């Protein structure tokens, strides 16, 4: 295991991920420090390109916090996001990057605990995987 | 007489014809041809020689047909449009007739992706109906397809084609037969028949159009070896319908193979009674040894001589 | 370089001063920052102070450093936007929930906060003002469907001064209510009540009735719909309503085949008719007195309350004054509607029998009557459950509720979503039950979900209120915080109209130019490109992520903001 | 329109292996519409390629561009300035677009990034199906508007083969049998008589696919 602080970019849907992160704070849960929170109006706003760019430009992992299925304020934003992620997973496989570096996690508005658990688990996972070998800076 | 083949003579005399089928070897081993020829000789009037059936590479049907002639059997040379364009087709017909081949079955052929050369490019320059038209033109007009070009010599071929009453759209199958007749086909061999009801329905449509008077129809039969084979064919082979009760009968039989032969004989006897059926085509694939028994049991022996 | 003013919200002093101090140290080195001041909370007095300061310093970009942005967004909504300039020129650095509170120690918290503040400043530097626009709304509404929903919405709207076009496919108005005998929760005969309503409708000068007629085309968006109505005489009328209410109802299908075709098997609505024609003391069926009636519920529509209500209403009369014996077979009896629990108790007191079944009851013919066999599972202990057989003069079946045949066609015409069962789908089942996925189109009544008449009326009222709320101001004001297509890049691939959840995008071959886009382009400029209707767009950004030509931008949330937050800018 | 699919990543990586700096050019027309080579795909692929090369320690520099249509000379020439800065061009346009670049950049390797798959229509979003093989002499009039050249696996012109079963093709079970469609269509048009006519052998060799390079010349339009 490499001892490093994995950098995670977390896309937070404004209906679930972002309020959950606020909730995590209110519950005094520790959000790992190397996480960049990105507030988006809907998971459907997250382009496939952002996911790849995140990895290319230095992130070790990406988490996409979206609403549960059938719970999207915009009806299908979460499903579109899931579709884009599956496309990116296929690309990552070809590049030789571990698929686990990007995941989608479904939340409600008050899933502070789940958000923090996910980010903490992701941090551990990424530590196991080691630094992202494809990122520009490395 | 169009070609004067044994098959043609028998059919034109109004006799009930019997044809068999022989798959050439997957190589140049002539002994395989000989073994199968010995099993068929004397029990059938002519033997179909398949043309790379199911798109598996085999000895060419022209060469195998020629070998059969040497072995004293009359071949029905099959030819598919899958592997040849109209240049090769016509050239092969020149060669085949020069070698004494007098019957030819015009087919589209199984799709190449079913075989062992899936990456090949299929040709389908002509379809089977256009092929019939081509052979007819060569024989009756003495010219090449679509041209004024005279052929040196005389092409004499008894033209056959296949028809499948069990494929869809059902109503269209007889239209397609009519087209083949108009294109100039002399005899038809059908796909193997298990669904007698549908076949009779189809024959009725054939008679309604008067096609049975213009073309000789040989009904196809295939003896079932086992319940497994019956199930497999019913499920996986498009264009073959095997009714549940037939599968049941074979599956439940103590000796499925014997039951299969018995069934086949019963079918032949039933087919003989249908108006417009002028013969049977027995496709005992890799089971040629049973043809003697089937023809014997069906009372089709001895085979008459065309002369 | 943008001039940015920073307000640090101490959140009533809850942010530790050491923590605030570190942030101020960070801010000192940022050249864009003109000033940074602390405020304990945001009230109207604070706003006044802020205003003066901003004007004095000539600052037009504001970063609020403090709690969650959601906090300020709600406060500002309540108190009004406090800044003298465009509301889109401010942003928030969330250093409480997502830094101070979610870190191990203050050192880590300060790092996170510093990062958040610097990002907020970068976002503030690239903020652009976003204008708002006003769409005039004429008081004109199109209602599709002249059932009870359509009628009652039309009446409410007309009373409030709105002009209504009511389009009904059939010759008669009233829809399913014409088959109703009376209300379950009030002593009211449906027929007379409906006639009264229809009379009122016909007399109202603000209501134009188009029947029999149907919608042929619909173009445009809220405020500028262009609806072409085709009458049965083949005449076409085009109207331009500001909003549309879809109230086209549902259809029913009765079970057929075998014993279900027997004449003693009747449906709930046939029973309703029989009862309305019955004069006490006894009901008669084909000249003979009816003594036992068995209802079979829940075999087709498990989640719909309507059957329970009607069965109960009918059985109260049958068991009560008409002296019949009634049995009701159900999976679960639904008593959640108004007064239903009381009526249920009354029925039990009168002697109506209730049986709960899991396996479908069996029917057979015995001496011209129908024998019903059912295993009653209302007793919990399995060994005590027994089979019951009831010899019935009549068996009453419920009909399956299905979407109307034209629902599918209408959904394509109106570009509305259908739910799994083929009924129209509400935009949000909890909050926005009567809104469709398109702004300006509402759904009411059985085309969304079959309900009992009093609930339908309740919902119809809700729809009318929503429509009134929309139209009463005479205009709809909205921010241009929406998606925008660059017509030069658009490949006309139809991706965005297909993915837009709100059907706000159309490919308009000869559309007027997006008015919010360019002022300098002469009006009526034609082009071919996808076009977002800004009044109908909800700003979710799904189309942006989907566009293969990357021709769409979300005006209030461009790529740049996302890259800044990802830490990838510059 | 032309439908295409991005080539497998391995193949693209192999083809650009010798180069350190390339231009990745998309096309704003057909391949954008089928999500194979528009600006979105250009940026995604560029990012993926950079990462893949970074991983094996051979960093790659990529310039990105998406002209409106690569198959028109003027649009293709928009790339000339960028092309001077790179060693090769990877094009996500169809085979036509690639060759237009080849014509204008004689010294520049131009590599295809997509497989040009067929001329097809959109069945629903994300599903495309072949409809035309550009044979050059259309017979749709005879077949009820359904093309057996592109939709029948054996290109039969006179009816279905024996493998047509319950409306489906035996070669690809999910595909409709073209001749079943033709039959149904002519039946609903009341034109079944058209099926009685024998369609003669197609003239593949003259003004069709196998006639050598085909060219359309409009004398009236020439400048």
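Here are a few things to note about the model shown:
Every chain is named by a letter (A, B, C and D) in the order it is written, and numbering of its residues begins at 1.
FYI, a residue touches a chain if its C-beta (ideal position, glycine included) is under 8 Å from a C-beta of that chain, and two chains touch if they have at least 3 such contacts.
Just so you know, these numbers come straight off a predicted model, no measurement behind them.
Common neighbours of chain B and chain D, by the contact definition above: there are none. A comparison of the A-D and A-C interfaces places the larger number of contacting C-beta pairs at A-C. Taking the mean of the C-alpha atoms as each chain's centre, chain A and chain D sit 36 Å apart. Note: centroid distance chain B to chain C, computed from Cα atoms, is 66 Å.
Centres computed as Cα averages put chain A at a distance of 64 Å from chain B.
Remark: chain A and chain C have CA centroids separated by 31 Å (rounded to whole angstrom).
Shared contact sites, meaning residues of chain B that touch two or more other chains, are absent. For chain D, residues touching at least two other chains, in rising order: 40, 43. Counting partner chains per residue, chain C has residues 499 touching two or more of them. In this structure, the chains touch in the following pairs: A-C, A-D, B-D, C-D. For chain A in complex with chain D, the touching residues are 47-49, 52-53, 55-56, 91, 94-97, 133-136. For chain A in complex with chain C, the residues that touch the partner chain are 9, 18-19, 21-26, 28-31, 33, 36-42, 44-48, 50, 53-54, 57-59, 73-77, 80-81, 84, 116. Chain B makes touch with chain D in their complex at residues 82, 86, 108-111, 113-114, 122, 124-130, 133-134, 145-146, 162-164, 166-169, 171-172, 175-176, 178-179, 182-183, 191, 238-239.
Remark: chain C residues 68-70, 94, 96-104, 108, 111-112, 115, 417, 427-428, 437, 499, 501-502, 538-542, 544-546, 554, 557, 562-563, 565-568 touch chain A in the complex.
Residues of chain D touching chain C in their complex: 28-29, 32-33, 35, 38-41, 43, 66, 122, 125.
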